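One structure, pasted below without further comment.
Chain lettering (A, B, C, D, E, F, G and H) follows the sequence in which the chains are written, and residue indices restart at 1 in each chain.
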C-alpha cells in the first residue's frame, strides 16, 4: 500500500465510506508493501531505462529466454546475461533477431551474453578494471560488462600482475586517475595491495579461483586481499565479477 | 615535495632564480616524495589539515606520544589513535595539556583516543554505522571515530540485529537515506545482507570476532558477509573498523 | 515382534496354547525387534500405515524397486524415494502400474519419486518451508515431500530471501502462525536468523550447498546458521532436506 | 503502536477528532512497532510471568545488576543469569536481599546465577538432558537451568557416554519416555547418534568444546553431530546450553 | 536377563504365578542389564591387581585425592595420575605417607604422578617408545608410565628424529626387535613413517602439539602420520600419550 | 654387505689381496645394504609364501598384469589387487587362465581382484570387520580381502551402525570374542567409539568418505574417531581398508 | 628518466624551450619506466640463448603454437612447454617439422613438450631430483625438464620414499654430492625431512597432490614439509615442478 | 668413527696389528657414526670455528647456559641463542663475564642473545633482508643474526611493504644486487611476490604471524607466498627467521 493509498483509505474512514474495522484489516494485511522498498530484485536496474542483468547460472536456456523476452516487452532495450551456457547463447541468438533487432553477442570465455546495445556512459569518471594475469580475464569481463551495462566508462588493464611490476607501473596514469578500481587476481592476490597502495580511490578486490595447489580454489587470494595492508580496499566473493561491477557502478554514480 | 612545490621549483628554473644544478639536486634528494604518490603513510590524512590517525596496536606509549607530538608540531590539530592501551592513554592525557590545549579523550572499550577536537563535517552526506549487537560497538566506534576524524557526518544505529527485525526496520529512514553504510556484526553476520537488501548505497560489511563456538573468531560472520545475496556489499577484514571508516569516508567524499 | 504380538504370545502361554519352549524359541529368534525399539530402520514410518521413505542415493534402480515392492507387499500404500536417479524413476514408473495402481510421480530437479498417493494430513498444525532462493528449492522439496508423506500440512514460501526483505515480510502471517518452520538457504544463510527472529516456534535450519566461491559447499551457510543470534533455531546437515522434514513432522505431531 | 492503539486512532479519524494527515503521519512514523512482533528481546520470556534470562558474558557486574533490577521492578520474580563471572555473583548476592527476598544462588562451574525461585513446572512432559562425560556438565547445567526457568521438568542423565554403553543403556527408560532430549557431548560427540537411535522424540545435540588435540575446540563433536546417521537430531552451536534449553522448552510446551 | 531366567519367567506365566502384564514389563525393562559388559570404566585396569590410571585434567586436587584414596581402599597398590597439576601433586605427596607407604613421585614436565610402586613387567616383549625431539618427551613419558603401570617392559628412544637419521638408525636393533612401537613426534611427524618402514611390528603414532607456525597445534604431524606411506602404522589423537600406552599394552599382552 | 662379506673383505685386507683404499671405498659405498632391512616393499608379504598385494590405483592394466605375472613366476600362488579398475580386471581374467589356473575373481564395488586362491587361515583368532552402513562395505571388503590374503579368519558384521543400536548389540558375542576389530564408518563415525567401549581388544578405526554435506569427504568421521572417548582405538587414513587389514593381520599374528 | 635526461629537461626549462607544465607532466609521467627492470616475463630465460618455457595450462593449442613460433622466430632454438594438453602436442609436432628441424617430443604423463633440443649443461654441479613414489614422477619430470632446459645436469632418484629407507640410503652418494636437491613427495612428505637431514646443500621441497583421504590434495605433504625439522629446506607450491626447477637452476648457477 | 679412523683401522688389519675379528667387531659396534654424516645437530655450525646457534624456545635458562658453556669449552667463541626468554638472558649475561670475555648482548624484542662477537663476513655477496612492516622486524632480526653468525654480510631493508610501493622501489639497487633475499611479511605477504618479480636471485619468503582477523596466525601470508606468481621464490615456516637465515647463508656460500 503506497502512501497515497493509505491517505485515500484514511479519508474513506473520515468520510464514513469505510469502517474502522475494514481499515484496520487492510492496514495490517499488507504492512510491508507500502514501505517504498528500493530493491525489488537482486539484479534490478540501478537507474531505470538503461540495462537489466540476468544471472544465468543454473537457469535453463528456456528460462533465460523467457526472462529476457519479458524484460524486452516491458521496454528494456539492453539485457546482459552473466554465467550463460553456450546452449543458451545459441537459443538467445536465434530469438534476438526479432526481440533485440538482431543484436546479440556472446563471449564463450567469460560466458557473458549481451542482447541489444550497451548504453552510452552517463558518467564522466572511469572504472579501471585490472587483472593479475590472463586467466583472470573472464571474471574481469563479467565486471566490465556489468559496469558498461549500467552506464559506466571502463578502462581495462589486463595482465598487469605484480611479478612484473613494470607492467603494473606502466599504467600509473590510469590507476591514479581512476574514480573506482576493480582489482581482479587469483594466486596470491597481491595486485589488490599494490594497486591499493598506489591509488587514491576505492579499490574493490575480486579474488579469483585461478591458481593451483595451495590456492585452494581462491582461498589464498581471498585471505590475502582481506589482509591487505593498503587502505581503501574491500573485498567481494571469489569470482564475483558481477558484484564488483555493480558496486563500482554504484560508487561511480555518486 | 608536493606537486605545487615541484611546480614552483620549475618556475624558479624558468625564471632563472634557481639554477639547473640546484633544481636537479633538490629533485634527486627526495626522489619519491615528488612522484605524486597519494599515499605516503598507512594512516595518512585524506584531506590535509583535518586529522591524522595512529594505529596504536603494538606501539609503546612513548612511541605513540612521540608520533603524536611530531604530528602536532607539523601543524596537525587533531590526532586519532586506534587500538590504544590504557597506559598510553594516561601518558597522552598528561601530555595533551600543552600539546593539544588539554583536549584529550579516551574510550577504554573501543580503545580509541582523540587528541584535539574532531573537525566539523565537510560533507553533507551521512555515513550510517549499524551493529548487530552491543558487543560489536567497539569495532563500530573505531569506524565511527575514523569517519568523524576525516570530516564525515556519522549516524549510529547500534544493536539493530536481525533477530529482532523490528529494531532494524525502525531505522529504515536512516538506512534508505544513507550515502554509505557500515554494517558491523559478529555471530552469523546476517545484518549485512538485510541492510544490503534495504539500502540503495554501498554497504561496507565488517565481520567482528564477537561470538562463541563455531563462530571461529569471526570466520562465520566473514564467510556469511562474503556470500551475501545482496548486491552492493563488500567486506573488510575481521574487526577492521578503521579500514571501514577510511573507505566509507573515501566514498562519502566522492 | 511388536509389543502387541509379544503380549499375544504371553497370553497364549498363560492360556496353555503355546508351550514355554515355543515361546522361548520365538522370543530368542528375533531378539531385538521385541525390545520396543522405536526405530528399526533409518527411514522407518513414524506412525504405521501412512508412508515409508527410501533413501535412493547409491542404490541401483533394481535395489530401489525391490525395496519398494517389498514395502508394497507388506501393505504400504505410499512410498517416497529421495535422491533418486532418473533411471530409477523410469523403472519405478513402469512397475508402478501394477504395484501402486499406476500412481507414480517423479521430479527430476529435487530427484524425488512418489509411488502411490500422499496420505491426508493427520494434524492441524502446518509446517512452513521457506527458501532463500530458487536454487534452494530441490532441498526444500525433499523436506516438503517427507513432511507430506508423514501426514503433515505443508506451506511453501519459496524465494523469500532476506536481500529482498519485503518478500520475506509479505509472508509474516504464515511465519507467525506456523507450528514448525524449516528455513532452507545457501549462500550466507541469513534467512534462518531473520525467520528465527520473527517466528515463535521451533525453526529447523537447513544449509544448502548453493553458492559459489567462499560458500565452500555450504560451509558458509552452515556456520552462519549455527551462530544464529535468534533463539529457537537448530541446524541439520547441509542439503539434508529429509532430516529436516522428519524432525519437523516429529515436532508437529507432539 | 499496538493493534488497540491503531483501532483508537482510526476511530478518532472516523469521529473527526483526528485529521487524515495527523493519522497518516502517526502510522508512517512508527510502522513496525505495531506489527505485534512476538520477540522483542533475545532472552525474552516465552510465557509471561515465569522467568527471564540474562546472557552474562561480556557484561559488567553493574550492567547485570541493573538489568536484573529493572526486570524485578517490572514484576519479574525469577531471573536467570548465564555465563556470569564470580564477581557479578558477589554483587548480585549482596543486592538480592532486598530485590529477590534474599534468594540468590550461583554455581561457579557452570557460571549460572539464579535470583528468586525457580517456577514450578507447567508441563507434564520431561526434558531429558544427557552428557557424555563429567566435563560436559557445565554446558548441560546451562541447558537445565534454562529449561527449569521456563517451567519444564528436567531429568539429568550425566556421564552416560557411549564408551561405557551400559551406562547409557541403564537409562533406557528415561530416554524412551522423554518428550525432548538434549544430548551434550564433546570429544567425538557420538552420544547424539546413539541417543538419536534409541529415542522416539526430538533430540537437540549440543557439541561442547571439551576435548583436546584434534577436537579443535568442539569442531570434531560438531561435525559428528551434524553427520549423525540417526533421524530426529538437530544441532545448536558449540557450548550453547542456553539455546538448547530454550528450544527444548519451546518443543515441550507444544 | 539370561535364557534361564526368561524360561523361568515364561513358566511362571504358564503356571499363572505371573500375569501377562508383569512378564511383558520385565522383558521390556531389562533388556540391556544382562549383556555382560566388559568395560565398566574409561581408565579401568586391563588386568586386575596391577594398576589404575586417573586422568587428572580438569579435576581438582581434592577430587584426585578422593579417587586415589578410594582405589587404595579397594586394594589398588599402584595408582598412576596423568595430566596432573603441581598443586595436586603436593596434596597427593602429603597423603601418600599413609596411603601408599610414602611412595609417591611426580614429574612436573610430563605432569605424571605415581602413587605406590610400578608393578614388575608380566610380559617378555618390549614396548619401544621413540620421540622425534626432546620437546616430545612429556607425551612420551605419559605413554611410558601408562605402559609400565600396565605391566610392560619399556625401551625409551628419545630424540631420534629423522633430520639426524644416524640417531634413528643407531637404534635399529631396538626398533627391529620391538613387539610394539610408539612413535611420538610433533613438527612434521616423519618419525612415524621412517620407523614404520623399518619395523616389523605395529607402530602407534602419536602426533604432538610441539612445533610452531604452520604446525597448527599438531595438525601437521597428525595429517602426516595419517598419510604415512608405511604399512602397520595407526594414529591416536594429538598428545594422547595415555591412549598410545594403553593400546600398546593391549597389543603387547596378546 | 652382510657380516660374512665384511669378514671376507677384512681377511682380504689382512692377506694383502685387497688394499686399504679398496676396502675403505667398498665399506663407505654400501653402508646400508647390510642392515638387514625387514621391509623391502610397501606391499610385501608378511609371511612368505602366502600372498602378495598390488595397489592398483594409478596403474595401467598392463602394469598390473606385468607385476602379477612377475610375482607368479617367482612362485606366488595368490595375488590380491586393490583399487583395480574394471578394465584391468578384464585383462587379468583373460591372462589368469594360464597364470593362475584360471582362478580369478573381481568385485566391481570394492574394486578388488583376486588371482589364485585365498590361503587357508594360519591363526585361530578372528578379525572382526564391522561397518556402520552398507555404503561402507567396499572399504570393509578391501580390509577383509587383505586380511584373508594374509592368512586370517575374518568375521563380517556389516550395517551395524549405532543409530540402530540393537543391530550393533545383536553381535555382542562376536565383538567381545574378537582378537582384533576393524570398525569402518563414514558420516559421524560413532561406530568406533561404541565398539571401542564394548570390546576388549585393539580396535582399528577406518573413517570412510561416505556421507554428504558437512562430512567433508570423511573429515567428520576421521575427527570423531581420533577423539574417541574409548580406549584401545587407533585410526588409519580415510578409506584405507588395506592399511587396516594389514595392521590387523600383524596384530592377529602376534 | 635518468639523471642526464632530467638535467637536459631542466635545461630546456631554463632555456625556455620547454614550459613548466610540459616538464611537470614528464617528471610525473615517467617515474617508473627508467628503473631497468630485470624481469620482463614470468617465464623469461635466465641466461639468454638457451631455452624458453611456456606454461601450457589454460592455453589453447593455437595460442601455444603462436607463442612457440614467435619465440623461434626471435632466435630461440629450444622451447619447453609445461602442463600441455595432448591436443596441443599433436599440433606442435606437426608444426615442428619446419620450425624446430622436426625436433619435438612429448610425454603424456608429465604433460611436457620439448621443441628443439635440450642445451648442453653449462654448470658442473648437479641438481638431484628425488621422489617418494612413482606417482610423484610427473611433477618431478616437470622440474627435471625445466632444469635441463636451463642448462643444468640432472640426476633422477625416483621412488626412494622413506618407508623403504634402504632405497633412500642406497643413493647416499648422490644426495651428499648434490649441489641442490629437489625433493618431490605426496602423502606424508617425509622425504624432504630425511633428505634435508642427510644433505649439506639447499633442499627445495615440492609437495604433490598424490595421496588420498586425509592428504587433502597435497595439504598434508605441504604442512609436513613446512614443518620440517631439518635445516636448509624450503617449500614451493603443491605440484609446482616448474618453480622448483627454476629456483634450483638459479641456485646451481651461483 | 670418522673416515680417517676407519682408514687407520684397516691399515692395522693390513699390518697385522689388528685381527679381522677385532676390526669386524669395531666396525659393527658403531655402524653409523662413521658414515660421514654432515649434520650431527639441528643447529650445527655450517663452517667450523665461526658460530653455533642454540634454539632457546622451551629450554630453561640453566639448560641454555649449560649448552653455551659446553660450546665455549670446546673452543666456540661465538654463540647465538634464538627465542630466548629474558630470564635466560639475565643468567647468560652474568656468566658471560668469564666465559665470553664479558661480551653478551640481548634484544628483548627479537629475543636474540649473542655471546661473544659476531665473526667477520667470509663472503663478498650480501644477503638482503626485507620486511613489510615494523612488526615483522623481530622475525627478520632472527634471520639477520643467524646470517651474521654464519659469516654473511647482511643488508636490512625494513618497513618497505608494498602498500607504499615507493618505499620498496627506493631500494631497487639493493634488491637487484642481492645474492639472496629474505622477504619477511605478515598480513597479506605480498612483499614476496613484488620482490620476487624485481630480483634476479633466490628469494626466501618468511610469512609472519603479524596481522589480525582473517590473517589466522600467518596462514594468509603463508598461502599468499606459496602462490606467488613470481619465480625463484620458496617459503619456510611461519616466523621461521632462523631457517631462512640458515638457508640464505647456505646459498650465499655456494
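Methods note: contacts are C-beta pairs under 8 Å (C-beta built on N, C-alpha and C of every residue); 3 or more make two chains touch, one makes a residue touch a chain.
What you see is a predicted model, and the numbers here were worked out from it, not measured in a lab.
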item: Candidate from D-E, A-H or F-H with the same interface as E-H, over half of contact pairs in common; value: D-E
item: Result of counting contacting C-beta pairs for D-E and G-H, higher pair; value: G-H
item: Relative to chain A, chain with the most remote C-alpha centre; value: E
item: Separation of chain A from chain D, taking each centre as the mean of its C-alpha atoms, in whole Å; value: 43
item: Distance between chain centroids, defined by C-alpha means - chain D, chain F (Å); value: 50
item: Cα-centroid distance, chain B relative to chain H, in whole angstrom; value: 40
item: Overlap residues in chain C, where contacts from two or more other chains coincide; value: 35-37, 39, 42, 163-165, 172, 197-198, 213-215, 219, 222, 226-227, 229-231, 237-238
item: In contact (per the touch rule at the top): chain pairs; value: A-B, A-C, A-D, A-G, A-H, B-C, B-D, B-G, B-H, C-D, C-E, C-F, D-E, D-F, E-F, E-G, E-H, F-G, F-H, G-H
item: Chain G to chain A touching residues, read off their complex; value: 29, 31-33, 35, 37, 39-42, 57-58, 207, 209, 217-219, 222, 237-240
item: Residues of chain H defined as touching chain F within the complex; value: 3, 6-7, 10-11, 13-14, 16, 19-20, 23-24, 27-28, 31, 35-36
item: Interface residues, chain A side, partner chain B - complex; value: 35-39, 42-43, 176, 179, 197-202, 204, 222, 226-227, 229-238, 243, 246-247, 250-251, 254
item: Complex contacts: residues of chain E adjacent to chain H; value: 135, 163-166, 169-170, 212-215
item: Residue ranges of chain F in contact with chain D within the complex; value: 132-133, 161-165, 187-190, 192-194, 196-198, 211, 213-216, 219-221, 223-231
